[in-house]
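Labels run A, B, C and D following the written order; every chain starts at residue 1.
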Amino acid sequence: MSKIGVFICHCGENISATVDCERVAKSASEMEGVAFATDYKYMCSDPGQSLIKNAIREHHLDGVVVGSCSPRMHEPTFRRACSEAGLNPYLCEIANLREHVSWVHEKGEATTLKAIDIVKGVVEKVRRNKPLNAIEVPITKKALVIGGGIAGIQASLDIANCGQKVILIEKGPSIGGHMSQLSETFPTLDCSQCILTPRMVEVAQHPNITLYTYAELDKLDGFIGNFKATIRLKAKSVDYNKCTGCGLCTTKCPQKKIPSEFNEGLGLRTAIFTPFPQAVPNKPAIDKEHCNYYQKGKCKVCQKFCPTGAIEYDKPDEFITEDIGAVIVTTGFNVLKTDFFPEYGYGKYKDVITGLQFERLASASGPTLGEIRRPSDGQIPKKIVFISCCGSRDPAKGIPYCSKICCMYTAKHAMLYQHKVHDGESTIFYMDVRAGGKNYEEFVRRAVEEDHVNYVRGRVARVYEKNGKLIVKGVDTLLSAKPVEIEADMVVLATAGVANKGAEELAQKMHISYDPYHFFAEAHPKLKPVETNTAGIFLAGACQSPKDIPETVASASGAAVKAVSLLSQPTLVREPIIAVVNRCAPPMFSTCVGCFMCETICPYNAIEHEEIKDRRTGKVIKTVAKINPGLCQGCGTCVSFCRSKSIDIQGYTNEEMFAEVTALLNK
Amino acid sequence: MSKLSKDTAALLSEGTVKMIIGYEQGTERPRPAFCHTPEDCERLIFNDQCSNNLAVYLTKKEIIGEDKVGVVGNYYVVKTVIQLNLENQINLQNLVLMTVDGDDIITFGSIDEMQQYVDTHEPVPNEKVLAAIEKIDKMSRSERWEYWKSELSKCVRCYACRAACPLCYCNRCVTEVNCPQWIEPWASPLSNMEWQINRIMHMSGRCVGCGECAAACPLELPIGILTKKMGMDIKNTFGGWKDGSVLSTYNVNDKENFIK
Amino acid sequence: MMERLIIKSDSINTWLSKIIETVPRVLAPVKIGSKAEFKEIKDAGSVAYDVITTTSSIKSAAFPNTETLFTYEKQGLETKLYDVAEDNFLDTVIWRARPCDAVGFGPLTKIFNWDYKDKLYNERFSRLVVVSFACDKADECCFCTSVGGGPGNTAGSDIMLTKINDEDTLVEVLTDKGRKLIDLCKDCFTDADDSIDKESVLAKVPVKFTREQIHEKLAKAFESPIWKAQSERCLGCGACAFVCPTCACFDIQEDAHGNHGRRVRCWDSCGFTLFTQHTSGHNPRPTQATRWRQRVMHKFSYMPDRLDIYGCTGCGRCSRACPVDMNIAEHLKNIANNE
Amino acid sequence: MEEKNDNIFEPRIIAFVCNWCTYAGADLTGTSRIKYSTNVEIVRFPCTGRIDFMLLLKAFAGGADGIIISGCHPNDCHYTSGNFHARRRWMVFRDMLDFMGIDIERIRWSWVSAAEGAKWADVVNDTVSKIREMGPYTEYKKAAKFLEEEKIIHE
């Protein structure tokens, strides 16, 4: 015979205005298994809570039902109160008499009767509740950051500076990401490299950061606090312990005509190369696709010249596995190439380039050492047209969203051009100018007013070549849709920011969700912007959606804090609302028959196989399901699927729910 | 001595298998036969009267033990073995599955071969059952209720339907769960109906359609209609399935018209 | 008491109609699909005479497959119990039982009065009048003659009818209860002269073995491999037990609804795996072989030893009901001839 | 609350809802003080995937005249796929019940998100009035109570 205590809260007037609380308490006291029932003005207040505590001690209650506001409101409060009085917190449940009764019904008999029914239901449930203990999961005090762009750099440094270990992996030969390609940054026009490189060096030197370049995530197993990451270290063909980074090899390499990725194809590099002068690590790697030795089997020039004998050709890719507590994904984004746009010449016109290529032209470290010269003939373009929203906001192109950064960098580009080519003439075709952000609008105004950039509102229908000139055909929608045609020496497309290749695959590796455009999805667009639906994995930067640098850095720091706050806990404490597969006396051991159809049901891969062995012979008697408490999130889908009812979920057991439902109906 | 008897006897005498499960002539119709010696195999027969789904024995450890057994089963036995394998209930290494097709005896080397056989030898559907389904579909809702209530009220809960079903292999059936008592264990119009509803839901997407549940019912209750109907519904809604139970998977694009 | 009368075939329904009018409940075989079952009948025409026997036995007339033992009501710490009312038990005529149905009540009555006198059973049984019809046909499952019965066996019946020819049916009145039914329509009956030979018209049921053989063999057969051999194909369903006229195993269950409820008795079967399962997990009858042995032993060894009666009437229902043709007569014959 | 007064029938309706969307949505109905009829009593589950079909039958057997099942909209499941699994289960279950003559018109399925407080009120009121028209669901209850046909001595 259970001893349940029922406590009906008036919530000031909120409940008692429409529900006869005294009467609810009275009929509760007559319910089977109820040892004590009372009502009080404010149950959640200190005196209210001590009322509950005293009752627990005095009447030796083995269960508590509080009729009050929604459990989402004060369940934690009352459960804490119970455990302070020595009652297992999970023996306390809330009957929602405010949100589900008093606030939604008029005063009256029916309302009070409904309140009584609900209390009866919860009482019957609590009578069957089992004491539960919060689950403690150990935490590996190490974070994995995937992607060495500014987001990854920022996150790694923040975590490392909190005294936590970080592993940063970058798929390219150097960290720095897109930011290292940029010339100057809006709205302050300070040099991107100058503000970035110190950070890159700091990463390389930080005692808490282990950096793996030319590395990719191969596999991610486990769960929050206890991930196991398998990392592929792609063979660089250079032993970094021996290499001094003198760069002799790169000068000697016979393969000199390889378009440089860093320069967006506008410059050339060798087969053994460091992507750019400030690269971190500043040591070369061999690009196997273009290396004579790997392709034709002979050459080995670099090996011949290398003063330290660091070249090692036949080293295979390496795999390392690391225990990880938290993961931050900062894999960034990419921009559409010009060949995506038939109307702009499928990329067959040399002088139609992307914004990112323009950044390289404008960059002091770029192929033209910062002079704006057009790719085709190296002439300085006198007339230049910028086209914004190339692909973006264009459902027909499959990119309905706004790429966000283009308006600002296009304005910046025009400005930089005007600064470098004083007699130059620049035109920007735009749909809207979106300059939301600190000093952004002012920046755009400057472009227009001080640098006399010519803004034309309208889409460009076509760009084609006519005797050495690029003809830009568009409309000026502000001049009552008057068609305009501009002869230009160079056209710069502000192409849409898109998810990186392989983003989808990576998401599946980590069991995180992604949107239709393969940008990774946050757990909640507003309140959980850096969390994913998979506990312990966080997001930052443009892998979520196009972001500018300040936003990216902010989100990176946000994600870093989330990771640190996880890693800084001694152990991970989780609600014990998880599924369990029953165990019973031999010879059955469990009523589970091991059909493992629950495996396909579970969204969290929490179902494991357990072999029940004979104690003496060690022979496997039976293989049954077992739930990994770390992975299980307690949805209970497996519970209602299991045919033999061998799985149950703590806190919502079959017995409890059955009792609650039937009790609501029993007179 | 028939080819069937010879071949199976050989398997036993070679020691390839420890036991052959097949069919022998019974009082009125063929019944399951268990052969432990080559001599036993002389009793074996195979004809279109051989309807028992012998796969039911493959999940009974006390019968097959740890040893390799041979089974000479009908179409549905083959189909069931595929499903049981999918549900981790049998060890194919310990099974020599055979069926008889005209004069030759087919021995299956792999699940693929079984699948291939099953796909190509679909038996003609039972017209009686289809007709019954059509009849019931035409009834009004309350007529359907009355029909099933009166039919299932006759059920005495001997669970022959469960025992005869090769896919009802749970160690503890949901009807034996008493905490909570999902289904009243005594025979009553409602608990009988709830038992059948559970059976059907548990079979959904798994049932191979052998109809042994109905055949086993001593009271000849039309429970075969239920599994058949469920199978048809699922084919229509989800276009059949190959991956075991439809209910253990989902499709983001599942179309329904009742959730508003 | 024993009285031999004759009733003309065409007056049988007149008589039955009279019985239906006067007796609260008349149970008789009614056609259901290809088979027949005992059902309450309201008119004489609905009786199925052309079947050898029904699928289920008539035991449910005295031992329903689900019945309330008592109901209860909880008020605080108080619990009130209520008995099943007398008027739940109806005077009942079982019409066109078979001799093997009639004898079935013998073992049942002994079981329900072994030590505890089962009120519910006795109340129901005491209100039964059994009118059985001797068998002129038998099928390959019938083996009454091997277990001490026969197609014309009168044991357990209150009246026995035997169709002598198309006109005449011999009526043997065996008890006062039976007499009362005759009195309902005296003028349907005329005295029968002693020349009438009942045996000649009875079905011929070959004797396959004797109960005594079985009983003797079982004394040494507990460890015999025959149980495994015979039970290999058994699926462990309860069909045999549920159609059996003498199987009396039951389960006791609680039908609780909040503060009130009832205790229910329902049929169970020793063939079920969980029938003997202990909470500890131990199962004294772990295999189907041991459960099959129990079934045979119980009927042919334990019951004769303890209750001095055999638990089988040879009706062959279990054989007909079995999904895998566990033909009990065949099995018993093997046991009898088993060395 | 069986009968408020003799001429209007007050149905008893049990709502099975998921914790993250519909329960929160119903809370929002409360905080926005939107009124709806008292006939519905809510049972909270972690996820629609957790709702066992047997509980629906038990509700009917226990005397419910109607049932509401509600959870997160597709793709919004807190557990990513619980509601998809549930949806499939209901699709099969519903066909089955209908074929067996159980009145599926008395079961209302819906998706109500945490933001749809008003929708919850609509769902409830709509269901209540619909069930009120249909009248009490006696046949199922009756089948459940067959043992009570036996007379019992009350001394």
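Everything below uses one rule, namely that a residue touches a chain if its C-beta (ideal position, glycine included) is under 8 Å from a C-beta of that chain, and two chains touch if they have at least 3 such contacts.
For clarity, every value in this text was computed on a predicted model and none was experimentally measured.
A.B. asks: Provide the labels of all chains in contact with subunit B and in contact with subunit D.
C.D. replies: Touching subunit B and subunit D alike, sorted by label: A, C.
A.B. asks: Between chain pairs A-B and C-D, which one is joined by a greater number of C-beta pairs in contact?
C.D. replies: Of A-B and C-D, more C-beta pairs in contact link A-B.
A.B. asks: Distance between subunit A and subunit B based on Cα centroids, please, to the nearest Å.
C.D. replies: 48
A.B. asks: Whole-Å distance, subunit C centre to subunit D centre, using C-alpha means?
C.D. replies: Going by mean C-alpha positions, subunit C sits 46 Å from subunit D.
A.B. asks: Could you state the distance in Å from the CA-based centre of subunit B to that of subunit C?
C.D. replies: From the centre of subunit B to the centre of subunit C is 32 Å.
A.B. asks: Could you tell me the distance, in whole angstrom, between the mean C-alpha positions of subunit A and subunit D?
C.D. replies: From the centre of subunit A to the centre of subunit D is 37 Å.
A.B. asks: At least two partner chains per residue is the criterion; list those residues in subunit A.
C.D. replies: Where subunit A meets two or more other chains at a single residue, that happens at 588, 601, 641, 654, 658, 662, 666.
A.B. asks: By the touch rule stated above, which residues of subunit D touch at least two different other chains?
C.D. replies: Residues 53, 58, 81, 85, 89, 147 of subunit D touch two or more partner chains.
A.B. asks: Got the subunit B residues that touch at least 2 other chains?
C.D. replies: Residues 172, 182, 188, 247, 249 of subunit B touch two or more partner chains.
A.B. asks: Residue numbers of subunit D touching subunit B in their complex, please.
C.D. replies: 53-54, 57-58, 61, 74-75, 81, 84-85, 87-104, 108-111, 139-140, 143-144, 146-147
A.B. asks: In the complex of these two chains, what residues of subunit C are touching subunit B?
C.D. replies: Against subunit B, subunit C makes touches at 32-35, 37, 55-56, 65-66, 140-141, 232-233, 235-239, 241-243, 251, 253, 255, 264, 266-267, 269, 272, 274, 286-289, 319-321, 323-325, 327, 330.
A.B. asks: Taking the touch rule as given, give the residues of subunit A at its contact with subunit B in the complex, in rising order.
C.D. replies: Touching subunit B from subunit A are residues 588, 591, 593-598, 600-601, 623, 641, 643-646, 654-655, 658-659.
A.B. asks: Tell me, which parts of subunit B touch subunit C in their complex?
C.D. replies: The touching residues are 26-29, 31-34, 52, 56-57, 60, 62-63, 154, 156-160, 162-164, 172, 176, 184-188, 212, 215-216, 218-220.
A.B. asks: Applying the document's contact rule, which stretches of subunit C touch subunit A when the two form their complex?
C.D. replies: These residues of subunit C touch subunit A: 74, 76, 257-259, 279-283, 286.
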